Amino acid sequence: MGTSVGTAAETSRRPSFALVPRLRSRAVAVVGILLLALVAFWLVENAVHDIRQFALVSLNGITNGSIYALVAIGYTLVYGILELINFAHGDVFSWGAMITYSVAISWLGASGHSGIALFGILAVGLVCAALFCATLNMAVERVAYRRLRNAPRLAPLITAIGMSFVLSNLIAVVYGFNYVSSEPLLPRGALFTIGGQAYGWDKLIVLLITVPTLVSLMIVVKRTRWGKAMRATAQNRDAARLMGIDVDRAIAFAFGLGGALAGIGGFVYLVYFTQGRFDLGFRIGLFAFTAAVLGGIGNILGAALGGYLIGFIENYNSGLTWHAPGPSWTESLVFILLILILVFRPHGLLGESLSTRS
Amino acid sequence: MTANGGQPLLELEDVQVFYGAIHALKGVSLRVDDGQIVTLIGANGAGKSTTLRTISGLLRPRTGSMRFDGKDIVRASSQRIVRFGIAQAPEGRQLFSRMTVLENLEMGAFQRSDRREIAADLDRVYELFPRLAERQAQKAGTLSGGEQQMCAIGRALLARPRLLMLDEPSMGLSPNLVDRIFEVIADINRQGTTVLLVEQNAARALEIADRGYVLETGRVTLADSAAALRSNERVRASYLGES
Amino acid sequence: MSMRKLGSILLLAGATAVLATAAASAGPLSGKRIAGLPNTCSKPVGHGKYVIASDFPLQGSLRPLSVQMVEAVKLELKKMHYKIGKYSVQFVSCDDSTAAKGSWDPQTCTNNANSYKSVTNLLGVIGTYNSGCAEIIAPIINRAPGGGIPMVSPANTYVGLTKKSGVAGEPQKYFPTGKRNYARVAVPDNFQGAADALYLKHRHIKRVYVLNDAEAYGLGIANNFVRAAKKLGLTVLGNSKWDASQPNYQSLYQGIASKHPQAIFLAGIVSNNGGQLIKDKVSVLGNNTKVLLLASDGFNDSATPKDAGNSAAGMFITIGGSDPNKLSNPTGRAFVKAFRKAYHVKHLEAYTAYAGQALLVLAHAINKSDGSRLSIDKHLFKQKFPKGIIGSFKIDSSGDPSLGGVTVDVVKHGNIKAVTTVNPPLSLAKAALG
Amino acid sequence: MRRPRLPALPAATRTPLARLLVAACFCALLIYPWIYSKYLTTTLTQWLPDTSTAFVILAFTVMGLGLNFVVGYAGLLDLGYVAFFAAGAYIAGFLASEQFANAGSVVFGGTVLPGTPGIHLSPWLVILIAAIFTALLGIVIGIPTLRLRGDYLAIVTLGFGEIIPQFVRNGDNLGGFNLTNGSFGMNGIDGLGFGNRVHHAIHALPANFLNELDSRWYYWTALALVVVTIVSSILLRDSRLGRAWIAIREDEDAAAAMGVPLMRTKTLSYAIGAFFGGAAGALITLQAGATSPDAFSLQVSIFVLSMVILGGIGNVWGVALGGILLAYVNYKGLFAAGNTFNSTFGTNVDIPEYSYLIYGVAIVLFMLVRPEGLIPSARRRAELHEEEEEENLVPESSTA
C-alpha cells in the first residue's frame, strides 16, 4: 500500500484503513495543514493584537500545563504497562493536594513563615505528598488491580472507576465536601512584570519543581534498574519474566512512580492555587489523561507535551481577547483537538504504534 | 541410563499442564544432564514450547514434579527460576522492541550485580555475534530476523545460565544463518552451558544434541540418545523428512 | 486460587448475613413509613392524619444548606406540636438529588412529584431549593386529583415560576390546570439583579464586567443585572461564563483587565470554585477597593470568606431579603435563637429562616382553608404576615412575597456583615426582567 | 466471497428452565405495579421502588442494553454514551414542547390541546424520530472515530460525551439563535399519551398519561421498550451482523481477513446502540417533562457502562439484570439500605453523604469477586474459566 510509514507489522495490522484508500492521506494532510494554519493565524493575530496579554497568558499556560503534565505522566506510565486507564489517578492527585494542606498548612503552619523556614516546611510537604501518593497508588494497584490481571479487559477499568469514587469520597469523609483553602504561601511580589502584571515566586516555583521532577523522572526510567524493568515489562511482560524480573514489582514501581508524580502535582497545585476539594481530581484527571493520549500514550515526553498543550489551550481560550470562544468552550476545544490529533496521528503526537508490542 | 554419564541438572516427571479445558501436556517426563545438549522435537502444537514455558515458570503444572539441580521448582516464581540458573530465548524472540540492543542484552543480566563480570559476558556475546556489537545502539524492533535471534540468545546468555533453553532458534532464518546459529549453540555448550533446544528442524537439532525427546500431542513418545533417534525409523519418517 | 474462592464465598456470606439481619430487624421500626411517598423520603416525624413534605437536594455540596432548611421546618412544626389548626400532621423530608450526580436530578424531581400526586392526605410541599426542580414538580402536582398540591418554596428565586420572564409559556406552563398552587417567600432574582445594579450606581461605578457560573441561577441573575445596569446607564463591558472546573482564572481576568473595569459582578454560587475566582480577581485586578467586587446571593455563604481568605476582604455580597443571622425583627430573632439552641449551630445558612417562614405561609393557608387542597391553594395568595420571621410582608396574587428589599453585605475580617439595604423601584425590577 | 459461519453462541434461552425463568421474570415485571400497591403498607415497601422509580430503572436498563451492542457485541469501549441520551432528550424537547413557539402551532398527534404554540408531535413518533436521529448522530460520530482502536476510541467517545453537553449548555446563543435554552434546560415538555384524537376514538387509551393517577402507563411503556430492545438484541446477535460483531470483538484483524467489512460493521453497532440510547433518552424526557445539560455528566456514561460490565458483557440477560440492579441501587437501594441500617442499629448515619463511597466500594468488591459479571456470555465464561485454572497463564496464541 505504501500509504503509511510504519513497520510491516503495523501496516498489516491496520486493514481498516484500506477501506478509505489513498484519498485519506492526501486529503487529510491538506485539511490538517489548513487547520494548523488557522490556529497559527489566530495565535499570531492575538499576539499582534496585544503582545503583553499574549505573553502573560502564555506564562499562565506553562504554569497550569506543568500540573497537567505531572499528572499525565502517571496515566501514561500505568497505561503503558497495564493498558489500563487508571481513573483513580486523578483522585490520587487530589490526595496529594490535601496531604500538602494537612502537613504544610495545618500542622506546620506554612502561611505564618517565610524565607528558609517556609522553604523547609514546603520541602517537608512535598516529600510527604509524594510519598503518601506513591504509597496510595501502589496500595490501589495491590488491592484493586492485581487480582484482575487476567480478568476480562474491562473489569479493571470499572474497578478503576470504583476506586476513583472511593478515593475522592474518602477525601470528603476526612476533609468534608467544602474547599480547604489558605492564604497565598509564597511571596507574590514581582520577579518581573509584564504590562503591570507580576510574575512572582508562586508561578516560578511551579517550574522550579516541575522541570527537575521531569528530568529526574527521565533518568529514573532510562537508567535505573527498576526503571528499566518497568519499561521491559511494559514492552513484553513474558519476556520480562524470562529475564527474572518480578513483573508484579515492576508494575508496582510504575504505580509508585506515577503516584509520586501525582503527589508532587498535588503539592504544586495547592501551593500555587492554595485551595482544594474532594472532586479536584475529576477535571484535572480527565484533562491529564487526555494529555497523555494527545502526546502518545506510553510516551513520557509525549504526556508532558500534551499537558503543556492543554495548559495553553485552557489559558489562550480564556485569556485572549481576539475571537476566543471563551472558557465555557474549553472542554470542547480540548476534546476536539484530541479527536483531530487522533484522526491525523492515530498514535498521538509522539506515540509509537502500539502494535510494535507483541 | 545416561549416555554421557553427567549429573541430572533438570528433571521433569509426569508434568501435566492445562490451558483451561485444553490438556496441553499430558504427563511429560524428561531429564537434562549437566553439560549436555538435549533437544525436544515434535510437530506444531505437540507441547514443546509449553514445556519450556512451564520450566521457566510462566505456566504452572497441575501435577508432576520439576527439579533443577536437586531443587524443587514446581512452585518457584519465574524470577527465582532465573536465579537458579535457567534462561530462555523464547519462541519468536520476544525482544523489548523499543529498547536498544545493548539495553536488551543488559536486561538479560537483570538479576546480576557483578558489573565487571557482566561486561565480560557482554564482550563474549559480541564475540559470538559481532553483528550485535555493530548495532548495539539500534532499537531492537528495527533489527532483521537473524539479528533479533542473535540478540535473544545473547540476552539469555547474559543471565549466565547453567541451563540455556532455546525455543525454535532457527525459525524463519536463511540457511546461512541457521548454520551459524547451530554453530554458536554447539560453541556455547562447549564452553560449559547445558542446552535444552526445541526445534522443528529435527535433523539439525539431532546433529548437535546428545539426547532427544519426541513430543506428540502433549506426551513424550520417544526418548533416546540423539544418535539412536537419528536412526529410528519413525523419527526418520515423521521428523527428518525421509521415507 | 482456592484462597481466592474462599475469600469470595466468605465475603458473599458476610454480606448476606448483614442484609438478612437488617431485613429481619427492620420490620417493627419502619412500619410507619407513609404509603405512596417516594423512596427518597425519610420516615415521618410527628403523628397525625395529614402529611407535609419537604423537597430539597440532600446530597452533594448543597447538603448543609438543605439540612438546615429541613431542620427549620421541623422546628416550626414542633413549636405547633404538629398541629395546624384542627389538622394534626406528620412531616417527611424528601430528597431531590441522586448519589450519582451529587446535586438535584430532574428524574428524581419527576418521581417525587408523581409520588406526591398519589398521596391523598398530603397537605403541602415545602420546597424546592433549585428553581429547575420546581419547574418540574409544580406542573405535575398541579394536576393532582383533588386539586393542585400546595407548594411553598423558601429558596426559588427564578422569576418565571410566577411571572412572565420572557420564556415562552411562562408562568402558565407550570400550572396546566389553570389554577395556581405555588407560592414562595424568597425574593425573586430580578429584584436582586436590579438592586445590584442600583448599588453599583450608588458607588459611582460606570464600567462593570459580569461573570456568571453558567448555571440557570447564575445566568438568570446575570441577565437581570445586565438589563437593569443598562437601564441605569452603566457600561457592561461583558457578560461571560466562568468554568467551575477550571483550576484558575488568571488568564480570564487578564483578558478582562484590558477592558479596565471599575467593578466585577459575580453571578453564581460560591461552590462553583468561587473562592478561586475571588483570589484570582484580587491577584490580577488588585484588591476590592481598587476594583470593586460584588457578588450575588450564591456567595452569601460562610464558605466565601473561608475559601477566598483575605482576598474576600471588602467584597460586597447581596442577598434577597435579610441575612438570617442578622434578622432585626423580634420574630426573626426569636427564630434564630431557638434554631441555634435546638441544633447547636452558630451559623444559619442563607435560606434557613426562609424555610421556617415557608412553612408558616403554608400553615396559615391551611388554617384558613376548609381542608381541601383547592381551598388551601386559594388561601396561599394574598396573605399578610405583619410579624413574619423574615419581616413584615405579604404574598401577592401570583405567589411572590412583597419583600423586594435586598441586603448588601460586605466581607470584613472574615465575616459577612450587612452594610445597607437597597430597595429597587418596581420599574427597575421590571426592567431587569426584560 | 463467502463469509465463514461462526458457530452460534449458546443462548440462555435455549434450555427450558431458562425460558421458564425469563417468562416468570417478565410476568413479575408486568404485574409489578400491582405487587407494589399490594405491599404498599408493609415493611417491604421501603425496599420496593414505586412505579415512577421502576420506570426510570427500566429506562436506564434500555440504555444499558443499547450500550451492550457497542461494548458487549462489537467490543468497542464507549465512555461517552451519555451523548446519545442527551441527543434523544433534546430531540424530544424540540418536537414536543413550546420551544419553537415561533413556528406556530403544529399539533400532530401530540398530547396537548389543539392550538398550543410550538411543535407537539405524537410522543410515539417523537421517540422514533429521536431514536433515528440519534442513530444518524452515532454514524456521524462513528465515521471519523471508529478507525481508532481500543482505548483510543474510548477516550474519543469520552470526549464526545463531554462536548455534547457543553454544546447544549452553550446552545442558547449559537450566533444569536437560541436552540437549547442553555443552562436553563427545557421544561414543559409534553407527556406520553395517545393524543386527543385517538383518545376520542378509543376511550380505553388515555390522551395523556400525565392525567393518570399513577405512573403505571409510563412503567409499562418502559417495559415494552425493554422487551423490544431485548428482542432486537437477540435477533441481531444471532444474525450475520451479530456474528460479524463478535468476530470483530474476538479478533479484529482476523475478522477483517475473513472479509468482515470493519467500518460498516462497527458503525452499525454504534448506530444501533445510539438508536436505543436516543429512544431511552426521549422516553425519560417525555416522562420527566424537562431536561437540562446538568443531566448529562460523565457519571451517566459510567453508570450505564457499569451496567453492561457488571451484568456480563455481551449477554443480554446479564446486562438487563445488571441494568435493573444498578439502577435500583442508585434510585432506591442505597436509601433503603441506609434507612434500614439506621433503624436496625439505632444509628443516625447520614447515608446519602456516603452513598458515592458505598457505590465505589460495592463496584470494586463486585469486580474483584466476579469480574466476568453476573451472567457472563458463554464465550467469555470459557475464556475466564481458562484463566482461573491457570492463574499464571498469560493468554498466548502461539502455543495452545
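Quick notes
When the chains are written out, they are named A, B, C and D in that same order, and each has its own residue count from 1.
Going forward, contacts are C-beta pairs under 8 Å (C-beta built on N, C-alpha and C of every residue); 3 or more make two chains touch, one makes a residue touch a chain.
Note that the structure is a prediction, hence the values are computed from the model and not measured.
Averaging Cα atoms per chain gives one point for each, and the point farthest from that of chain B is the centre of C. More C-beta pairs touch across one of C-D and A-B than the other; that pair is C-D.
Distance between chain C and chain D, defined via averaged C-alpha coordinates, is recorded as 32 Å.
Chain A and chain B have Cα centroids separated by 43 Å.
Separation between the centroids of chain B and chain C, computed from CA atoms only, is 75 Å.
Centre-to-centre separation of chain A and chain C, using mean CA positions: 38 Å. The set of chain C residues that touch two or more partner chains comprises 63, 214, 241. Taken residue by residue, chain B touches two or more other chains at 57-58, 92, whereas all remaining positions touch fewer.
Residues of chain A in contact with at least two other chains: 147, 238, 328, 331. Within the complex formed with chain A, the residues of chain D that make contact are 71, 77, 144-145, 147-152, 154-156, 158-160, 162-163, 166-167, 169-170, 252-253, 256-257, 261-263, 298, 302, 305-306, 309-310, 313, 353-354, 356-357, 359-364, 367-368, 371-372, 380, 383-384, 387, 391, 393-396.
Listing the residues of chain A that touch chain C in their complex gives 50, 53, 56-57, 60-61, 64, 67, 147, 177-179, 181-184, 188, 197, 269, 273-275, 282-284, 314-316, 318-321, 324, 326-328, 330-331.
By the touch criterion given at the top, residues 40-43, 45-47, 49-50, 52-53, 56, 98-99, 101, 117-118, 169-170, 181-185, 187-188, 210-211, 213-215, 284, 287-292, 294-295, 297, 299-300, 303, 330-332, 334-337, 339-341, 343-344, 352-353, 355-356, 359, 365, 369-370, 388, 391 of chain D touch chain C in their complex.
Against chain B, in their complex, chain A makes its touches with residues 7, 225, 228-229, 231-232, 235-236, 238-246, 352, 356-358. Here chain C touches chain D in the complex through residues 1, 8, 11-12, 21-23, 25-27, 29-31, 33, 35-36, 38-40, 42-43, 58-59, 63, 95, 97-111, 114-115, 117-118, 132, 135-136, 139-140, 143, 145, 167-169, 173-174, 176, 214-216, 218-220, 241, going by the rule given at the top.
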